[in-house]
Every structure is written in C-alpha cells, then in structure tokens.
Amino acid sequence: MTLKIGVIGTGAIGREHIKRITQTLAGGKIVAVTDVNQESAKQAVEQFNLDATVYPDDKSLVAADNVDAVFVTSWGPAHEASVLETIAAGKYVFCEKPLATTAEGCLRIVEAEKKHGKRLVQVGFMRRYDSSYVQLKEVIENKEIGEPLMIRAAHRNPTVDENYTTDMAAVDTLVHEIDALHWLIDDDYKSVQVTFPRKTKHALPHLQDPQIFNIETMNGVAISVEVFVNCQYGYDIQCEVIGEEGIAKLPEVPSVVMRKGGNLSAGILQDWKKRFMDAYDKELQDFMDSIKETGEPNGPTAWDGYIAAVTTDACVKAQQSGEKEAIELQEKPALYKKSITELQTQ
Amino acid sequence: MTLKIGVIGTGAIGREHIKRITQTLAGGKIVAVTDVNQESAKQAVEQFNLDATVYPDDKSLVAADNVDAVFVTSWGPAHEASVLETIAAGKYVFCEKPLATTAEGCLRIVEAEKKHGKRLVQVGFMRRYDSSYVQLKEVIENKEIGEPLMIRAAHRNPTVDENYTTDMAAVDTLVHEIDALHWLIDDDYKSVQVTFPRKTKHALPHLQDPQIFNIETMNGVAISVEVFVNCQYGYDIQCEVIGEEGIAKLPEVPSVVMRKGGNLSAGILQDWKKRFMDAYDKELQDFMDSIKETGEPNGPTAWDGYIAAVTTDACVKAQQSGEKEAIELQEKPALYKKSITELQTQ
Amino acid sequence: MTLKIGVIGTGAIGREHIKRITQTLAGGKIVAVTDVNQESAKQAVEQFNLDATVYPDDKSLVAADNVDAVFVTSWGPAHEASVLETIAAGKYVFCEKPLATTAEGCLRIVEAEKKHGKRLVQVGFMRRYDSSYVQLKEVIENKEIGEPLMIRAAHRNPTVDENYTTDMAAVDTLVHEIDALHWLIDDDYKSVQVTFPRKTKHALPHLQDPQIFNIETMNGVAISVEVFVNCQYGYDIQCEVIGEEGIAKLPEVPSVVMRKGGNLSAGILQDWKKRFMDAYDKELQDFMDSIKETGEPNGPTAWDGYIAAVTTDACVKAQQSGEKEAIELQEKPALYKKSITELQTQ
Amino acid sequence: MTLKIGVIGTGAIGREHIKRITQTLAGGKIVAVTDVNQESAKQAVEQFNLDATVYPDDKSLVAADNVDAVFVTSWGPAHEASVLETIAAGKYVFCEKPLATTAEGCLRIVEAEKKHGKRLVQVGFMRRYDSSYVQLKEVIENKEIGEPLMIRAAHRNPTVDENYTTDMAAVDTLVHEIDALHWLIDDDYKSVQVTFPRKTKHALPHLQDPQIFNIETMNGVAISVEVFVNCQYGYDIQCEVIGEEGIAKLPEVPSVVMRKGGNLSAGILQDWKKRFMDAYDKELQDFMDSIKETGEPNGPTAWDGYIAAVTTDACVKAQQSGEKEAIELQEKPALYKKSITELQTQ
C-alpha cells in the first residue's frame, strides 16, 4: 500500500521531502504539489520526474481525491490555514515547524483535531527520531539514572547570517530543544529566565550571542540550555541529563579518530543538515508507516506544536524582561494524553 | 523508474533483503522469487504481501521477462551457477558472499563477465558502505596520514555456536576484513601467516580461538587482524591504519555516555546485525541507484569476490601449515581496473 | 637550605602535611608543633619520629627562633589569630582554608600583610597546583579559545554525612571553585544567584541537594556551577570554559579503559583525596621553593582568601534570598596586583 | 633516617637523579660523586650546591664509609663493574639500564647477589612505577579480564637522530616494553619474530622503521609490539591486554579537551621525559623507602636486568635472521622467586 502525498510549498525543504519520498524511502508517492509560486511547483515536478498534478492552491490540493496525506512545507504564516483545511478534509498532515505562528493558532488546530476525534497531525520536530536521543530517552525511561534533576544542553552553530536576530535564538534555534526536552523527561515547563553572558565579538551588533535559557519544569527539573550561534568551531548539539543515580549524555557524533601533528582528534560537523539527516528520513518513514499500521501518525502532535509556541513566546518575553516568565499551558486534552508509541511501549 | 528484482533463496537473508526493498528503500520492487524449498518462496510472498511470481527454479526466474536484476541469497554452493545464469541472460546480479565457494568458480564468473563486456555483478560485502569505513577511506585517500604502513584490526564476537569451526574464522569472519582492507588502502595481498595465541577457555575443544592473521601486502603494509569469536564482551570491529604522517582509526559505535556506579561508560553492541544495518541498506540502495544512473553496479565486483576466495584459501592453508603462505592472484582484467566510483572521484 | 617549619594544629590535615614534609617532599623540616590538645601534638612527634619541639600554644611556637615558617592547620575559627601572630613575627605562613571565618577577618590579615610590606601568607587552595587546571589556565592565557564567555562547572561527591548542611555547599564545597575560577580567567565576581533544582531522594531532609550557583563576573562571563554532594556515582570535578574561538575542558582523570560485559568503561574516583593528591604535594613544595627563590610565597594570597570569604558570604545570602546578590570587594591593594608567577611568565 | 647516596656518573641522567634527591624527594642525600670526567663531577657538586665529596673513581666512592647506596648512571659498558663492586661492598645499588651490556655480565651480577644472600640491586626500569601501568597490573591481577591471551603495544617517538640504528629499536626502545610486559602478566618470554613493514620515508636510509616484534610467552600469550620512532605525531606509549573476559588498556595521557576549528581534540606529548616524569620520582622514592622499611629494594631486580639482556639479544638476532628466535633463560634463583611487593600483597 502506497501513501499518496500532496506537497504544499515546493521551496528548499519541500523539495528535500519530495526527494526523500521519491528516492530514499519506501511506501509513499508524491501525487500532487502546489506553491504560491506556481513555477516552482512545476519545476519540482520536472526536477524529480514526478507523476504528480500541479494544483493552483492548497485548498484544491487538499481536496484532490487521490491525496491521502499532505506535507505543509510552505512559509510559517501559511501553515495554520493549510493544516486546518487538511483536518477539515479528514486527511493526514505532516507540518514543518511552526505548526502555527501563534499559540492561539496552534490551539485552533488542536480544537479542530479534537473535534475530528483522532490525530491527523504530525509536526516536523525530527530530533525525537535521532538515534542518540532515542537511546537517551530509553535510558531515562528505564530509570537507569533515577529521577532526572537537571539538564545541561547546548545548541551551537559555527556562524549565522545577518538576518538572524536575538529572538530567533528562541523561535528558530531553541525550539528544537523545547520540543525534545519535555519529551525526553516526560514533563512540562513552568518558567524560563534568560541570561545574556558576555557577547562574542563574532556576533553582529544587533544580535545577543550567546544566550542561556534557564527553564524550570513542573517536576522541578532545572534545565539550562546554551544557545551560541557564532561559536566558530562547528555545529554541536549537547545534552546531558543529571539524575538521582547517575548521568546520561548524548554521545559525540562518530568521526574517524586521528593521531596527527601532536593531537588526538576527531572531526566536528560543520553542517547542521548532516547531524539530523537520518532523523529526517526516519520521521517521514514513521509518519507513513504508523498511519498504515495504526491509522494515526505517531510523532510530535499538534499539542506538541502548541507547547512549542507557548514556550517560545515565554522565552522571547524573558529575553526582553530579564525576569523569570511563566510558561502556562491550557489543560491537556485526552486525545494527547499519551502518544501511541508510549502506550505501546508500556 | 523501478528496478524489478527476482530473489533466488528466501531464507533469512533473502527475506531481509525483500523487506528492505519493500519497506525501507526506494526504487525497487520484488517481482519474482524462488527457493529450493518452494513452500518457503510462497511464504515469503505472503509475509511481505508481494506482487510477485513464484518460480520453480533459478533458471526460470532469471529468464522471466520482467526481471531486471537478481538477488542471489541461496546457500553458498549454489551461488556460482545462479550468477553465471544471470550473466548469461545479461541481467544484473547482487550475490551474497561467497561469490563462489572456490577461486576457480570465481574466475569462471569473472570470465563470463569479461565476455559480456561490462560489469553486472555486485558482491555483498557491505562494509564498504559503512559510514565509518567510508570516512576512513577518505582520510587515507586524501593522504591525511601519508602512505599506510601498518593496519591493526580486530573482529570480535561475544560467542559462537558449536558449529563454528577453526577455518570459519577465515572463511566466514575474516572475509569481511579481507574485502574491506585491500579496498581501504588500494593494495593487493602478498602473503599470510597465522598465529594461535593461548586459547580462551570459552572456546569449545574443536575451535582455535583467538587467532591472529598477519598479512603482508604488495606495497609492504603489515596487516594484523585479530579474530576472537568468544570475546564475551560484545561485537566489536576495530580498524586502525598507521601511516607515515599519522594514524586514523574507526570511531567507536556511538552510545549514550553514562556516569554511574563508579564508572564512565558507554554500551558496546552485542548483536552484529545492528553494527552494519545502515550499510546493508546502503549497499542495496547503491546497487539500484548506480545501475539506473550508470548502467553498472558500483560496489564490490566479481574480481573482489575472486580476491576474497584466493585469500581465504591461503588463510586456511596458513592455519594448517603454521607457515607464511603466498596469496597469488591472476592478472587483473581491465574491466576491474577502477571502480566507477573511484574513476568519478578522481 | 632547609625551611624549618612549625605546625599549629596536629589533627588529620596537620598530620598529612607533616607526613608530606617528612616523607615525600624535599627542602623542609618540621621543627615545632602545637595543638590545643597537647597530647595530639606529642603523638604527632612520635608518629613521624620528628626532631621537633612541642609548644604549649601558637604564640610560643611562632616566636621560636628556629621556626622559619608556620603551617596553620587548626580549626577554622582559630586561623585568623595564628596568621596575624605569624605576620607580626615577620614569618611565612601557609594557612588552610578558610583564611578567616569572616571577610572582616580576612581584611585584617590583608592589612597586616600590607603593613609588613611583602607577602608572607599562602592560603591552601590546592587546585591551582593541579596539573589539569594549570594546563587549562595556559590554554586560556594563550588565547587559544579567545575571550572566555561562559564557564560550566560541577563539583560532585558520591555522598556526604549528616553534618553536611545546605550552606556548606557554598562554604566548604563551592569555595574551591570560587578560588579556582577567578584565577582561571583572571576576572572578579560581580553577583551570584542560586537555584535549587528538584531535590535528590538521597539527600537528608535538612539538605538542599543539588544546587546551582549562577555567578556573573565583572567581564560578563556567565559561570554556572553545579554542586551535587549525593550524586552517588563518584567524586567528579568538571570545568568547561566556553570562549569566542572554542571550548576548553578539564580532561577526565585517567583510568584503565575496559571492554567488558557489554561496556566500554573507565573508573571514576570515589575518594576526593586521590583527585588532588599531587596538587597537595605541589602546593607545599612550591610554598617552600618560592620562599627560597624569591623571598615570597607564590600561591593563593591573603587577598584570594578575602575574595573567597566575600563570595561565600554572598552565596549563602543568595541561598536564603533566592535573589541575585552582589559580590562587592574592597579595592585591591597594590601588593596583590600580580602574583609573582604571573609576573614571571609575562 | 636519611639514605646517604654516592653517584657514579654525573652526565645528564646522573644530574637528573641528583636533582630529584636534592630538590624533589624526601629521605636521601647525595654525599659522594664521581665521574671519569672529574670536572663534570665537580660541576655537579657546584650546580646543586651539594655537601658531597668528589671521588677519583667508582672503587673509592663505593668504599667510602658514609655511602649507604650507589647510583650507577655512567655509560652502559661501565655498569657491570660498578655494580659488582657495590655488591662486594654489601651496599645497595640503583643501576640505570642496561644492568650489563651482555647476558653473561648480568648473570655475573645475579651470582654475586645470590652469594651475598639478599637483594641489593634495583634496575632503572621506571614503567613499573607509572600509575597507569600500576593500575593496569592491578586489573590483570584481580582477574578482571580473566587470563591474558594477547597484548598489543606500541612505542612511538616523533623522530630520532641520525645515530639511532635498527638494533636500537630493540636494545634502547623495546627494552622498556620487554621489562614491563613480563612483569605485567607475570609470565616469561619464549620466542620472538620481527617483521619489517613498509618503511616510512621519514627514516634515514640506514634505519628500518617501523618494526613489529611478535613475542610468544611460556603461557602462550601472543604479544605484538610496534616500535615506530619516526611516527611524526608525538611520543605515544600504547598497551592493551586482551583477556578471556575482556580487554584492559592504558588510558591516554590526560590533556585539556578542546573544541576548536572543526575538531574535538586533546594534545599528545612530544617529549618522552614528560610521560614518565612521575615514574622516575617514584622509582627513586621507592628505592629509598623500601630499603629503609624492608632492608631490600623493591623494584626491578638483577634478574629482571638479565631477562632484558637475554630478550634484547634474541630480538637483535631476530631482526637479522627474519626467523623466530628462542628466548632461553637460566633457571630462576630462589632469591628472585617473588618480589617483596608481590609477597606482601598476597
């Protein structure tokens, strides 16, 4: 059984997903594409030699009879409308982050899904599919380190371009930790406070870099995430969970170990795409497989998209106020109480 | 374009490859299966819900009009005949190791392929597709460690069953290093001598374990490979290349780093299948992709299968004689002078 | 030339230093001892077979003609008086931490030393003599990581006894980081805020454990030190300095690397004494050598003792208030502007 | 109690030991020196401001009433005579390697010591005092890896000067492994075979470099030691013992861990002196302490010196013959059956 997919947005990330479905993964087929730039949609069909129809807009694509599932890979402000339309049509939707640009928009999607009665939406937080994070989560769930007490994480990029602004450290960069960390320890966030350390000379005048986000969870876990996007040395994702019985840490990305020129060394990635390449493949494969096997996607939910929106809002507020800001969620609907995976593994 | 594949041999490894093509990889379709046990072939079709014909034997499967390529995953002694038939039909063939059970058999395949005029055969040596080995080869080819002078490798399994015999250390275990190491340093083997160190108490009486294979190459590189199949602690593949300017070594398999109970530790794999799971996927994906892109498979050739046969023969002889045994190859046919990849990357 | 030493306080640490001078290090001789418990002083003489006089009190010991230098290893509240007496006598003094139990007491010592006109006092902060810290400081001073922006440190003990109270996390444990970190980056502290993460079940009811001390320096460096004294797994000192050009981190304590039982592992120390054993030797050797070579001790000064006192005071206040507390020092006297070592290495 | 020491040979290593005794270690005093170059002996007295007599030759120094123990740090060919004289005088002697330049010379010393009836001689094999080797030996003795089956070791120097010849790889370089490895696994050597891999371009024409020494022990342990003295990248001592239950390996020399310029790295030593600096201190301290405590030195014995001589002889023969050469020892005298340490720790 092949899942027939329509793609809304044929820019860079849309084409990467088209390539994955077409050249790398099993079980899916791109049958429909659209883009606000119709020329781009047509080029994508040519580039990947797709047997797919080009639609004039997201509505017509979602409505197409042969479309089973929709990928929303347009620009952020357009996500909410496309996702709501797909839910209204009772079809599956894989939406790149952000699910919506506001917490209210995310809640509207949650409400629509609740009304539909089962989960249709998966949000593109790929870290949950990274084998290192999966292994780290297993260690925590197996109580190998006891109850988590603290998390120390870092998200470092070698450099960023001039369009990168201080709030993007929260909205575009930290957002991956925001999704991954509450999932990792099965907890909710309570508050956040932001510290601006001495600024690196490599950051442009308008940008505060590095930044430290100190987040407290409902269970009292103290999370500290360093975001440092001009660290120079490489793309580096660190995460260490300190528990009552021990500590568990993401391994370094494997790289040939050299003894040369007075140093024992191993390379550090420069390009963030390489770090989570496998995770991107796995999130889409899992989206297709779990729909086929269980009738629901199994990955990050619309509720997770809502958590990310509320938390990044609080982070931006905390950047501006310098104070501890509350992170307040609505009550969690029953639909999201447990992910299918979590229920299955219990 | 989908590559239509016939599978000869639906045992364990045959079914794993069927699963890969059907559930994991893009671009291939299983259209035909056969097995000396016809019931097994039928079960495979059911198990994976294949749209495939069950053929009574390899000849009829190879001859089927809709079969573009053949996977030979039967037992070793049957490989040669199936491969020769496929070449005779001018079709592509992916053959699990051994290509043939004798060096002479391998040469017959080489001759058949030469006669055909282009490469059709890929042998299932998957290590060349392991990302760590690929990275190690790049380091060597980029002359980062200068000319290779020595290699220290180890192939360790936690335990083996009672059917594992002393010669299998060469034929079934070392054979992976035999293929990988000459590819790694682009060299040919000259001689081998085997040392039997003190035997572990965990080996059964009939088995010599561990063993050390000291291999010399035409360029004078001194290779030492430890084969230790009752090492108890895990499945562990080590490879270190010592060069004129430095040393390069395969990284450890990444695993969550723990601080617990007085130890800083990381898990070691127990199951060999997990070590090269990605490599198995990649070798088949590359087999399909390179046929589509270049008209020839790009992986280990029939000539590599021949090298493995000659070298394992010499290793078994050296196990018995205790002496240094020569490894003598025929002259390399022009067809195998350079792999396509190597030509492309130059 | 032998430095003739009098020891005030012959308890555990006093006897360890006596043992060092007598059995391990070159260039010193214990010629005088005293203790409020005279019996203890006599036992120390016997235990180490010393050729030393037992004095009835610190005054008489300090006054003894053949005493060149004094070790103050009595209990904390007695330190200030003994140090002041030794300065008044114009003799050298090595004083275990704390220099005095109050910042005011430390200032009185600083004033006395200023009046004397050259440095006589060394405080027993041994980390500056640990080879790993020394190497880390070199890396920073050589600008290999550019300007320091952040420090992440941890001070973990497997367990503590029931007498260990929440304030001791600052006064007895963190105090070592307090001395080491400002020395490491040649900076002064500005403020501290304390976070109490979820408490480990292994801490007794009266003890807050773990604790996080977020310290800001005058240059804006953001320091975060985790103190976790019931971490169960071992004694572990971590320190990582994140700079503009890269990151430098203390190495793990070297330990035999094992592959066994499914794990790649190395032991972690359980006993804090082993971690800094070499540093204890080196601080005393340096105290003796630098007095002989330069006429002044070369290690942590009375001013460093004062910094530690002011900073631990602020930390205890921050534990209680939950707020950011200022760390305010008097102006630094010229006498302490540069340590001799720093001047020499420039 | 101070051990009064006479030094025969005031060249580089003699002066280093004088410095240790005078400036670093407790419990010894240099009271006598001599050198074939009397001027050098006088300079040493001045340089270290010694309260010591300069003697015209080794005989008169050994005979001096106030000399308790002798350090033999002259050139190799002179060692035997000085050691025999010291034994004849019933005094302790610490002799740098080689104990004698021939196996027969070593046996003469062994005979003299047997006749004297207790051990007086310690040979300067310092690796036994290196904390990493000590820890590795403990792991083996505690049976943590079961019975040893194989050892893989490497001895690498960045470069050597033009005076370094092929046989020196055995006599001057490998000799340290020769002493350390039989001690490590409490075994005796049986045979050695030497392999010359492809030669590095960095070796001068007269020098074979690298070399591999394959040594078999009486218990069947297969030892492979790589000697590579122009490895370019640093001074690097590796030793891994593969046992029935697991593997134990010397840790890397600790060094600050850097993330910089695309690499995760740690420095490798360039200077061999730094690698074993602590071990040099400890061997002399132990020589003095154990004489005081037990009446006998506790380190490598004259018998160990004899083993080293016989084994290096066989290694040189094997370099020349290319064949497996036997390593044959006389029967071990009872005097050397167990070292004092080994007896004490049982």
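By written order: A, B, C and D. Residues from 1 in each chain.
We adopt the following convention: a residue touches a chain if its C-beta (ideal position, glycine included) is under 8 Å from a C-beta of that chain, and two chains touch if they have at least 3 such contacts.
In this text, all values refer to a predicted model and were calculated from it rather than measured experimentally.
Engineer: Based on the averaged CA atom positions, which chain is farthest from chain A?
Structural biologist: D
Engineer: Select, from C-D and B-C, the pair of chains that is joined by more C-beta pairs in contact.
Structural biologist: Counting C-beta pairs in contact, C-D comes out ahead.
Engineer: Any idea how many Å lie between the Cα centroids of chain B and chain D?
Structural biologist: For chain B versus chain D, the centre distance works out to 46 Å.
Engineer: Quick check: how many Å separate the C-alpha centres of chain B and chain C?
Structural biologist: Result: the chain centres lie 59 Å from each other.
Engineer: Please compute the C-alpha centroid of chain C, do the same for chain D, then give the distance between them in whole Å.
Structural biologist: 37
Engineer: Residue numbers in chain A touching 2 or more other chains?
Structural biologist: Counting only residues that touch two or more other chains, chain A contributes 232-233, 245-247, 252, 255, 259-261, 266.
Engineer: What does chain C use to touch chain D in their complex?
Structural biologist: Per the stated touch rule, the residues are 21-27, 131-132, 135-136, 139, 144-145, 245-261, 266, 278, 285, 289.
Engineer: Quick one: in the complex, what on chain A touches chain C?
Structural biologist: For this pair, the touching residues of chain A are 146-150, 152, 195, 197-202, 210, 212, 214, 219-222, 224, 226, 228, 231-233, 242, 244-247.
Engineer: Tell me, which parts of chain B touch chain C in their complex?
Structural biologist: It comes out as residues 232-234, 236, 252, 255, 259-268, 270.
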